[in-house]
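What follows is a set of structures for review.
In what follows, chain A forms one complex with chain B and a second complex with chain C.
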Partner chain A sequence: MNNTLDTIMIFLVLTNLALLGLSRLGTCIRIVAVQGVVLGLVPLLMNNWHFEIRLAAFSAVLIVLKGIVFPRLLTKAMRDIKTLREIEPFIGYSSSIALGTALLIICMWLSSHLPLPVETISELTVPVAFFTIMSGLLLIISRKKAITQVLGYLVMENGIYTFGVTLVEHQPVLVELGILLDVFVAVFVMGITMFHINREFDHIDTDQLSNLKV
Partner chain B sequence: MIYALLLIPAIAAVLSLIIRKDLLRRLILILASVSHTVITVIAWNVETKSLMGGWIDLDKPGLLFLTITSILFSACSFYAFWYLAVESGKRKQDFEEGLFFTNEPEAIFCSCLMAFLATMTLVTVSQHLGLMWVALEATTLASAPLIYFHRHHRSLEATWKYLLICSVGIALALLGNFFMVIAASVPEVSDKSMILSSMIEQAKLLNVPWLKAAFLLFLVGYGTKMGLAPLHTWLPDAHSEAPSVVSALLSGALLNCAFLGILRSFQVCSAAGLGQFCRELLVLFGLLSMAWAAIFILGQSDYKRMLAYSSVEHIGILALGIGIGAGATFGAMLHAVNHSLTKAMLFMTAGNILAVYKTKNTKSVSGIMTVLPVTGILWIAGFLAITGMPPFGIFLSEFTIVKSMFEQGKAGIAILFLAVLALIFIGMANVFINMAHGKKSDSVNVSDRRESVISVFPPIALGFLTLITGLYIPPVLNNLLHDVAVIMGGNL
Partner chain C sequence: MIFLKILNTVLALITAPLLLGIINRTKAFFAGRNGQPLLQPYYDIWKLLNKGSVYSIATSRIFRIGPVVGFSVVLIAAAIVPFGGLPVLLDFQGDLILFAYLFGLSRFFTVLMAMDTASSFEGMGASREVTFSALTEPALLIGLAAIAKYTGYVSLAQIFSSINFDAWLNAAPAFILIGFAFLIVFLSENSRIPVDDPNTHLELTMIHEVMILDHSGPDLAIILYSAAMKMWLLGAILTGIVIPVHSDNVFLNVSAALLFMLLLAVLTGIIESSMARLRLLHVPQLLIGAATLSVLALILILR
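Now for the complex of A and B:
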């Protein structure tokens, strides 16, 4: 079990780095979806694969949302907007990966300075959760397309969720569902806004949203 | 009772979507808001029962912020009635760039307004930190379509910035929530629920490094939404592009709700003995916000943006007041009331000016006094009130805060505080006086020169309220403010 969780954590790190280095939006959407599905399995894993309706239902909702609904929504947005790749990000792909690696080291250092008050199953969860949040932020800051910024937001949310699911036991389901609902609506509203941005400007390059100053 | 507070706006939100008749929908908006206020007033006198095993309850700080939100919302509903009547119509021409645009369907606008009230109510009554987070994120989502009422590219830009920046900020606050849970996961803590009262009871047992990190994340996360500099970047855009009635609500009600989020985590941290650490951070962010706002108020050429930056300033004063502690905590709570009333009044007045002058540029507006006499008086009164002139309420609250600074020997902060206030006074005086006096602008159409009762009544009512709190704080309000101040670590 320990090994499985460690593997998932390493998988998260690799997917984050891949996201930083890829330009094709379709691939990025799929990677974020896979991340979401894998994370959706973690609650079951934490419970030693014992079947419990509450957990199973929560996992199912999570997987359906992150693995099916979000990618569909974003792919549809991508098609409507007719862009296939992120062109000329603010920070280039290779430098993004280099920056990502540096962030990973910083996160390792940071988590070694913040010892957990309880025992954890995997030592990797805290640094990897930090790193996933940071990667999401980096994606939001360094990319121009609105769609990549939404992806960044989702990655960041995945990171925060990693924290929640691996370290926080006995979360009330209501809160978890509330959080999930909020994220869902957020992506939905962002999707609609993106559609309007495209119609209004004929592109979704947010760096050209610069009329409002001072 | 609390159910009624939550359900009335929620039901009204659904009804707004179903109803086809515009007039009926607007009436429902007013009816729901006013009944919300009536129930809030009843809640002052009646003991409310906690719901859902203590997750939802109306405590003193919640009651204070609920009352502010509810009163503002009632005033805004009347104003929205007028605004929607004026704004209805198919295509409009933008007065800044001459492009044509349509407005958002009124049903969506009204529905989002009511949903906004429902979610803000939920923020004030949440006793569970996780539930509070859910409610605060929901306020962002409910208000984003409100900012995009005028469907043109500038408001779209503002909406995108608002959505993205606030969502990221709030996501950080979610991380803060998890940190709080981790801090509580030490074996000594028996009740691991995130209910405020039990967290405060066991605060001494919490893990200190994680709790400190949690407060930082709460401060940065909710601070983004509250508009603390340098995290405020969405605020001026959203406030200047949104319809004035929405700006009034964002500034007067939403920022306070986010502030309540910070205060809740502050309650836990100060019970854990981290009060000093939190206070220093709050003072730092408070002063930074004030100074930042002053820089942008000086030489500002858009009067709605100026009001938005003024919100950043006053949010800074709130944080500063809590950070100073002792008597200043009472001052900060009073300031929250006064700022909300005054700022909503000013935004509505600005909306009236905008409707006639059709420009947000301060240089192109002059002679409001001759064109719109009542609005002109309101504009000048609002200016005096917001810059802290007696006899308005803000004078009293700022005075209380400064007095407490001197009493605690923090003269350096006090002098800085007064200097920034003076700077802002000069910057605002320049703009407000020139706009109110002088010859009327050529661009004003004579046929537009009318003030409807319903568009000036809400700002007059709010201005009157802040005048009252400046002259005489009613004992009921005084007691409530005092109780809240004691809960927030201030002692008089």
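Now for the complex of A and C:
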């Protein structure tokens, strides 16, 4: 079981790095969706595939929301505003990947100095959770298009969720569902906002919005 | 024992150009052609060896010694890289660093030869070669470091004799990552698609081919042969990681490794037939990706 979980964690790291290095929005949306689905399977896996209605329902909600609803919403937003790729991010793709690797090393170091009160299932979960949060943040601050920033926000949520999963027995599912609802509303609102920004200004470059203040 | 040691090197010397033949046949199959004979690379090398060389008056001594340096480098490398569990002729502590930098030396001379002709196209090729190899090197070295750390040895022969299927069970994710990183290194170092297209003769895009445009006759034959040897040696490293067969039967070990080499050549052919060459701007991204995979593997093993 531990090996499967480790493999999932490494998959998470690789998808994060891929997100940092790719410019096509469609591919990025799909990668985030796959990330969500794989993470949705983790609660079932932790219970050794032992069926329990509470966990199964939780997984189902997670997979439907992250694997189907979010990608649909984002793909629709992407089509409506006719942007297919991120152009000229603040930090280039190669340097983003290099920065991501550096972040990974920092996260590994950080989590080794961070004793948790409870025992985690796999040694990798905490550093990978940190790394996922960090790379989500990096996506938000280094990209110009609003849609990539929404993706970064989703990746961050995936990181927080990974952290929560390691403490699953100490965290009520209700809290997790509450967070999920927040994220759902946020993505929904952001989709509408992006549409309006685009209709008003003909683009979704957020860095140009700061000119409005002047 | 000494027979097996010599076999390890001789096998590389004899079979290396065959890999190119297999790749070409695979590509011909995908293109719906019959393709050149499997042994065409040997015929080419033989034909070139029987020709005379033409030297431009603008070139110096470096242009002439370059191919010889390149060939001696692969000969030394063939003596330290074990293939399919065979013993090696030369083996000392830290020879994995020698392995990585032997290719660095041969690259240095290839680049010097290209600059020596003072052709602007060759200069472009040289500049690209240097840029890309600077990014490939970390992937190779960090990957080797990861395996060295896992096995606890620093000589190629010892490393590859101590990797076995148990290692795969214990650290499967790390080994898969290293495998992919080395596959990218293999394609990039041998100037294959997606980094470089070995068939193109368009100076604007090619890297390795453009640097040897001015070579002819035996010099070109030696360069082609060294390139084939380099492909074999990097393939042998990949084989040692992916198929660590160490049974008591030497014949079984070698044939398993040979089978994997065949598959590797076919895989290269498939990649070349199904992918386009990456835009030059995107190549560094791929290579940094490979380096990242190696770093990740090292982190997993150090943990």
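Simple rule for what comes next: the second predicted complex is superposed on the first by the 209 of 214 C-alpha atoms of A that agree within 3 Å, B and C clash if a C-alpha of one lies under 4 Å from a C-alpha of the other, contacts with A are read in each partner's own complex, and residues count from 1 in each chain.
One rule holds in what follows: a contact is a pair of C-beta atoms (placed from the backbone, for glycine too) under 8 Å apart; a residue touches a chain by one contact, two chains touch by 3 or more.
All figures in this text were calculated on a predicted structure; none of them were measured in a lab.
Trainee: Comparing chain B against chain C, which has contacts with more of the residues in chain A?
Mentor: Residues of chain A touched, chain B against chain C: more for B.
Trainee: On the A-aligned overlay, A:Leu44 touches which partner chain: chain B = first, chain C = second, or both, or neither?
Mentor: A:Leu44: touches no partner chain.
Trainee: So, does A:Ile133 touch the first partner chain B, the second partner chain C, both, or neither?
Mentor: In the superposed model, A:Ile133 contacts chain B only, not chain C.
Trainee: Which of the two partners, first being chain B and second being chain C, lies in contact with A:Phe163: first, second, both, or neither?
Mentor: first
Trainee: Once chain A of both complexes is superposed, is A:Leu17 in touch with chain B (first), chain C (second), both, or neither?
Mentor: The second partner, chain C, only.
Trainee: Now for A:Ile121: first (chain B), second (chain C), both, or neither, which partner does it touch?
Mentor: A:Ile121: touches no partner chain.
Trainee: Now for A:Val69: first (chain B), second (chain C), both, or neither, which partner does it touch?
Mentor: neither
Trainee: Looking at A:Leu104 after the superposition, I want to know if it touches chain B, chain C, both of them or none. Which is it: first, second, both, neither?
Mentor: second
Trainee: Figure out whether A:Val189 sits in contact with chain B (first) or chain C (second), or with both, or with neither.
Mentor: First partner only, chain B.
Trainee: Tell me, which parts of chain B touch chain A in their complex?
Mentor: These residues of chain B touch chain A: 128, 130-131, 133-134, 137-138, 140-141, 144-145, 148, 151-154, 156-161, 163-164, 167-168, 171, 174-175, 178, 181-183, 185-187, 192-194, 207, 209-210, 213, 236-237, 240-241, 296, 300, 305.
Trainee: List the residues on chain C that touch chain A in their complex, please.
Mentor: 172-173, 177, 284-285, 288-289, 291-292, 295-296, 299-300, 303
Trainee: If we count contacts the way the header does, which residues on chain A are in touch with chain B in the complex?
Mentor: 114-118, 133, 137, 140, 146, 149, 153, 156-157, 160, 163-164, 167-172, 174-175, 178-179, 181-182, 185-186, 189-190, 193, 196-197, 200-201, 206, 209-212, 214
Trainee: In the complex formed with chain C, which residues of chain A make contact?
Mentor: Counting only chain A, the residues touching chain C are 3, 6-7, 10, 13-14, 17, 21, 93-94, 97-98, 100-101, 104-105, 108, 123-124.
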